[in-house]
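Presented below are the structures under discussion, each in the form of structure tokens.
Look for chain A in each of the two complexes below; its partner is chain B in the first and chain C in the second.
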Partner chain A sequence: MRGFLLRLARRLVGALVMIWAVATFTFFLIRMIPGDPVAAQLNMLEQQGMSESQAAARVAGMYGFYPKDPLPIQYLHYMQQMAHLDLGQSISYTGVPVMHIILSALPYTLGLVVTGIILTFIVGVIGGVFAAIYRNTWVGSSITVVGSILHGIPQFMVALLLAYLLATAHPIFPFGAPYDAAISPGITWTFLSNLGLHAVLPIAAFIISGFGFWALAMKASVVTTLGDDFILAAELRGIKPSIRFRYIARNAFLPLFTYLAIAIGYTFGGAIFIEQIFDYPGLGLLQLNSIGVHDYPLMQAAFLMITVAVIVSNIVAEMLYTVIDPRIRTAR
Partner chain B sequence: MNTIVSEEPQALSTYPSAQTPRHRPSSWAVAWDVLRRRPTGLLGLAILLFFIGMAAFGPLFYPAELPSNPSNIFAGPSPAHPLGTDFQGTDTLALVITGSRYVLLSAFLAGLFTAVFGTVTGLISGYYLGVPDSIITKLADFVLTIPSFPLLVVLSTVWKFGSPLAMGLVLGLIGWGALARAVRSQVLTLRERTFIEAARGLGFSSVHIIVKEIFPNITSYVAMKFLLAVTGAIYASVALFFLGVLPLSTNNWGVMLQFAFSQAGAMYTTQSLPYLLAPLACILLVTFGVVLFLDAVDEMLNPRLRRG
Partner chain C sequence: MATQAATRVEQNACSIRGLTVVYRVERHEYAAVQDVDLDIPSGEITAVIGESGSGKTTLAMAMLNAVQPPGRIAAGSVVYPTAGDILRLSGKRLRRLRGDSISMVFQTSQNSLNPLKRIGGQAMDLARSHGRDPRGTLREARDLCAKMSLDADRVLTSYQHELSGGMRQRVGIMLALVLQPEVVLLDEPTTALDVLSQSEVLQILRDLQRERRFSAVLITHDMGVVAELADRVAVMYAGRIVERGRTRDVLIRPDHPYTRALIRSIPRLSGDLSEAVPLPGLPPSLTTIPDHGCVFRARCAYRMPICDTVQPPLESVGPDHDSACYLEGFPSD
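Moving on, here comes the complex of A and B:
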């Protein structure tokens, strides 16, 4: 337990350093945007009749620093504000705190991505086990072939084709909103089923494009495990096929956890396409739209939040791995 | 495979002394031999050459400004327009051909940068260990953690990716992490092998050992990762234009997809299906070519897989 907490603490420190680096990066990036949006904003507010100090205060509210201060002071102000979890004010949604907008978009992205990762993992692992056990029959080889093909098709293409086939050409599934506007949100069956129906296509896009990776990885892992001595020994002891299956599945399953970090980053990154194509109001769509309207505080915060989500998910996955695999828990 | 590996000790024992250099077939001969025995590899190479030719010479046959015809938009396939027309009445086939250059050149450069950055950092980190290793490992972890598409979208506010070189460089800069890690772990095992120890004992410099002794052992791996990085970069650059955050002034497959997706009507009529599918089909075909060719490349560069 103590080792677990120590490892968690070390990971959290690393995460903070990474978040700090990303925040610093966006701070300097905004300065490099052609046309200097901060100065332009200041100019615009002054022309609207604000005094110089009023305008500067407004800009400070948006970006987290006073535009006339020297750069190091600006940076300190910005970091101070970040440390208080204040991400500034939106420009396109005048005066609304960015944190507020981000937090209302976060559940949609998390819902899609977490459900997507878990379902993809389950479907892929089951497919991989079948592909390995029946690898000499047409069932196994067709799973392998389908997996390799799906693995080669980029995610946004899968989403685009799904949107074309099942939402516009044959409008079977709804898209364009997370739920029908007529239904009021709440813990009711009508609302939840409607929410689920709207999420079917986006999540299906995750599953179809991620299936191949997990199926192929699981197949390779199962095939390796099948050759292990303890499986042979168990077979010689005459264990039931169902128990043999459990032995294999459990042991083959573990190495896959190391890929989970990659899958998490990939899925969060891919969410930007899924959300754009299905017009789903998550963080990715927010980030894209904020660029269109030059709302840089919002863009910066959306990017930061996506990164934080990836980092936190990685830590959760790693901690889960140490809980599941006793060898990792006792080592070190 | 097994029989080939078992031949290895024998091959080592008959390793020629310095006085009698064994005749080694030229690498071109080996490549041709492998391709002849593997028709799928040859097919992959043919597909790749076809697209390289399209990117290199295709745009020469078309004027810089493609003609458009507002009275013939979203036309279906016809003899004059084999793949139909787009929302401006421009020939889709012409768009596909002229649009290939940016995508393929930037993808090639991105693959090159990824391979160079990843290999150099991986070699340094795995061979020298210590401080350079921990810096490079931390950097690689950092690059691997940041989700690349949100990062590219943020970068697009500053960087317009106008030239293939700019696109390739950025994709290389954010894509080297995985390769660096893989190369590092290979170097970690290689550096303990006896032939490296011998080279060190003979007093060769570290640079000589890395370049002449270690690097040749990972070339086939790096070459494969290079090809995979090229396909990854095709997706990435097309996807970035597809997202609509980059200027759509130039023509390429990503811009085509963006217009096909966003222009009113394109997603709603089956007439325009060729316009949406043509760039997708090209991307898939290039990927298919790379995957087929990869198998053969592995055999060409890896002497252990080669038949005598």
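Moving on, here comes the complex of A and C:
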């Protein structure tokens, strides 16, 4: 347990460093975009009739630094503000703190991505186990073929097809909002089921486009494990089929866990397109919209938040890995 | 006469008759074990010695009815007194026999353990698989560990990667003995170990066998191990048993030219290294074993015309000592 906490602490320090690096990167990115959006904003406000100092104060509220200050001072102010979890104010939603907007979008993305990853993983792994056990029958080969084909179709195509077929051509599932406007949010069955119903299509898009990868990877892993010496040894020791199955499943499952960390990053990336296609108000949609309306503080914050989400999920995946693999647990 | 035969069967922990195992290579089947007859006497250690590819591991696998594809048991029977012919069993009855009344110590015991499960947990899985009391089995495991000078508390709560090679091999022996089987198949139990661990493991095996009197089949390529451990020995060459008998008799008065060559090829501690005479040539591979005539004739110094036509049968050359060779008495050498 002490080792676990120690590793966790080390990971968290690493995460902070990484978040700092990304924040620095976004700061300089915004400063270096051609046409300097900060200066442009300042100009616009001055032209609207503000005095120079008024305009500078407004911009400072948005971005967290005074546009006329030297770059290092700007950076310092920006970082100070960030340390207080203040991400500035939105331009498109005039005066609304960016943090507020981000926090209202974050649960939707997290809901989609976390449910999507877990369900894709479960469906894919089960499919892979069947594909491996029945690899010499039509069941196994059809899982393999379907998996290969699905793996080859781009995620946004799957999402577009689903949106067209099941929301437009045959309006079976709702579209365009996280829940019906008539329903008030709360921990009620009506609300939660409605929320789930609205998430069906985006999550299905994750599952359909991710299934192939997990099924093929799990199949390969199970087939490898079946050939391992200790499985034959267990058979020759007369180990019960149910226990033998557990031996195979756990050992085959382990390498897949490594991919999980990678998949988390991809899934957050995929969320940008999927949220846009289904018009689902998560971080991804927020980011795309903020780019469209040149809302730089919001864009910067959405970018940072997605990075933080990926980093945190990776830590979770890695810490889980140390729990299930004793070889990692004892290794330093 | 009939009563005598009956007592003989009872004394055997296992009787192998006419066992032939074939492997399929490019649409032809080749015999890796050919027409083997062997009795495993109760409470003794019977060694099966042979070079790589002589079919000794295949023989051991056949004794558990566990020949892996592309291999196939083509003929014969492997009869255990209580269970009958194991080659006729399948499914649950076969599974319940493996590991329970007939167990195996693997050559690569290093790889015979589940890497994600503590040793004690694997012993309990074994007990549960055979309807034994897991706690009693754990006690027995603890006892065996102590006898093998392992720290039971540590080993049983360890994962395999926390143990050394020699310790893992001892854990393999523990798992093979923990359900107190009648027959233990030892497939090159010391081959993968360094010399010191080898002699330790041999000592352990000898002590445990003396104490528990299980019947053992010791598969090895090492004449030294045979001399140290085995009560009886069967010499295999190209899938056939060419000589068998009590270890003393076979070592002191070897009859078959192959056995003689094997013994002469061992370097002695005393005396010149050049006194060890290597056996020239290579054993045949699976696909080049001659299908008629003596399998050893290509390397035999005493080859006669008859050797080219018919495989010599195993015939008595002394009390409880058989050999498959036409040569009658050796020219003195």
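Operating definition for what follows: the second predicted complex is superposed on the first by the 332 of 332 C-alpha atoms of A that agree within 3 Å, B and C clash if a C-alpha of one lies under 4 Å from a C-alpha of the other, contacts with A are read in each partner's own complex, and residues count from 1 in each chain.
As a working rule, contacts are C-beta pairs under 8 Å (C-beta built on N, C-alpha and C of every residue); 3 or more make two chains touch, one makes a residue touch a chain.
Just so it is clear, the structure is predicted and the values come from calculations on it, not from any experiment.
By the touch criterion defined above, A:I33 lies against chain B but remains apart from chain C after alignment on the C-alpha atoms of chain A.
When the two complexes are overlaid on their common chain A, residue A:M157 makes contact with chain B while staying clear of chain C.
Of the two partner chains placed by superposition, A:Y134 touches none, neither chain B nor chain C.
Measured by the number of chain A residues touched, the leading partner among chain B and chain C is B. Of the two partner chains, chain C is the only one touched by A:G238; chain B is not. Within the superposed three-chain model, A:F303 lies in touch with chain B and out of touch with chain C [touch as defined at top]. Contact with chain C, but none with chain B, is seen for A:P326 once the two complexes are overlaid on the shared chain.
By the document's definition of touching, of the two partners only chain C reaches A:Y247; chain B does not.
Contacts of A:F191 after superposition on the shared chain: neither chain B nor chain C is touched. Against chain A, in their complex, chain C makes its touches with residues 64, 66, 68, 95-100, 103-104, 106, 108, 111-117, 125-126, 128-130, 159, 161-162, 175-176. Of all residues in chain B, only 142, 144-151, 153-158, 231, 235, 238-239, 242-245, 257, 261, 267-268, 270, 276, 280, 283-284, 287-288, 291 touch chain A in the complex they form.
Across the interface of their complex, chain C is touched by residues 228-230, 232-241, 243, 247, 250-251, 254, 324-327, 330 of chain A.
Within the complex, the chain A residues that touch chain B are 18, 21-22, 26, 29, 32-34, 148, 152-154, 156-157, 160-161, 163-164, 168-169, 261-262, 265-266, 268-270, 272-273, 276-277, 284, 287-288, 291-292, 296, 299-300, 302-303, 306-307, 310-311, 314.
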